[in-house]
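Note that the chains are named A, B, C and D in the order they appear, and that numbering of residues resets to 1 at the start of each chain.
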């Protein structure tokens, strides 16, 4: 198996970079969110013929993140999950559960200081 | 005809698990399907902050009871890769054998439930009777019927004796015969082809674009199987991904049925090549850094992301399970079909809700 | 539609002539396999109250008091993983092959033994 | 009146109907419960049928932990089952939360929301244990009918 490596990109470049990958027929595998102190790291993973490509963006809590749903329609579940668990917000989601995908009320349980 | 919204689930006779769909229906034809979740959500990824890396094996085994062994395999191989632990070859083979047994029991379970969804009760019972043989193998060799708990970091807990290996081969022969017996029924029966052919079609282009994985992707004609990544002992075994071209519910059944024979073949190959030697090595220290790992589950590719900080607790464990990836494709398949076909199409992706929500 | 013989009918009919596959459970009990993990038993006279089982338990179902020599086990929390059995240095913990039976209330098991004397105490 | 009671008693003894609800289990207990109803363990020998409608059920079989979203559904189903009824909690998760007791979205065992009559420990319990529990619950049902005000 290949070694894990990723590329850190700017928030503004995200959509253009992902669009390029889509044209090369990459498949969206996952978006993984990690809280590192006050910031959040989002790791986007793409796959083409069983080789992986990772992009990483680092955002603060209040910055709206552009949604991938205009490029990959199926990203709405992954993004809604992050919205639920970490309280981040995504702009222009095609199906927005407003933080109620998993919990009946808005309550980001995965935040580190929130027990 | 006005549009009507029909709630499907969470408590529905055909679904063993709570899954909710809001179906917008116009004149018996589904126009839009919006999934709803949260009835099984536990938040177990967060447990990695209070349970150490060894105890987390038991937690990830309980992400899903059906493919528990393969979750543990993915977790262990991922952590071992991070720490640079070399697992003894015998342990690799044993992991492969148990994971293929799990794939078989999961596929048989699904074939039964699928038969139940279109009302073929006797076929449902037939498949579940065959499945008991695999559970007996699990119980005898690993000590539990479903959650076998054999994996540890650095190897496996239990060994297979020569008598057990012989017994497994004999049982496999019997299972193979029983499966051959129903081949005609599955592919030639009028009811089955009427209920499944042409229902829930997904093209290869759409499947890739919506991120479908596993048998759903392979039934659309894309030959992608994560076992080709050669984790565990798969590098030394021969196999070709099973594919079908039509992309409908029938094709998905076909892929899963032939994967059963593939698994039988893989177990036979593994049992004939299994080397002697120790079954585990001692793991010292704790992992540091980031890693991703993926393996092929019965339902498709599972993706693990680890972030560790050198202490005995992981910083973050993220699990992207196969059904989670298949749900957008399912929502797409449901549009444009008749309301009466909804249960069949939902079951055709083999939904595992406890995986999806974790 | 042209009539076709349903292929599963032959299987169903031959099944009628075969042996029953049902295990008549309450009347006839199947012998458990020797490797099965069932109820957890502690031979408390052998136990040294070292605490490794409670450390290794992923569900925190074992509590140990070293001074008083008590071993407290909550069967309703136990997930039968077998980690404690593997961790025990004196092999006093064993899983029997019988499965835990249904009960009307949640009970804890409290065993009392004599903790081994420390070296300073012996002097 | 006595005659009706006796009729009810035989009815409930010979065919206790079962409602299965998965409330956040890992599927292990669910498939074991289903395995009990299929040929190898065949609970239909005792007249047990898995029904989808709570109003038809006598035995309520719950697997898994309770979380914030399904506690209402669990309570709803419980209220809809007519008396006399027996509640079975199957598996370690349903008893106490098991390994997930500390997870962020888990409230705990089933008995935090509804009263439980019989607990079946095990992770997952063997089909034999579930069958034993179902048989025990038939006895309890009988007691409830005998001592009830019907």
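Keep in mind that, in the parts below, a residue touches a chain if its C-beta (ideal position, glycine included) is under 8 Å from a C-beta of that chain, and two chains touch if they have at least 3 such contacts.
These numbers were taken from a predicted model, which means no experiment stands behind them.
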item	value
Most centrally placed chain, judged by C-alpha centres	B
Busiest interface, counted in C-beta pairs	B-D
Centre distance in Å when chain A and chain D are each reduced to the mean of their C-alpha atoms	40
Computed distance of Cα centres, chain D from chain C, in Å	22
Mean-CA-position distance for chain C and chain B (Å)	27
Sites on chain D at which at least two other chains make contact	39-40, 69, 99, 104-105, 123, 126
Multi-partner residues of chain C (each touching 2 or more other chains)	21, 58-59, 79-81
Residues within chain B bordering two or more other chains	38, 41, 43, 46, 58-59, 62, 129, 132
Pairs of chains found to touch, sorted by chain label	A-B, A-D, B-C, B-D, C-D
Residues on chain D engaged by chain C in the complex (per definition of touch)	39-42, 45, 92, 95-99, 101, 109, 117-123, 125-129, 131-133, 135-136
Interfacial residue positions of chain D with respect to chain B in the complex	20-32, 34-35, 38-40, 52, 64-65, 67, 69-70, 73, 77, 99-100, 102-106, 123-124, 126
For the chain A and chain D complex, residues of the former touching the latter	102-105, 109-110
Contacting residues of chain B [partner chain C, same complex]	51, 54-59, 62, 120, 122-123, 126, 129, 132, 139-144, 149, 157-158, 181-182, 184-185, 188-190
Sites on chain C touched by chain D in the complex	21-26, 29-30, 58-59, 74-81, 99-106
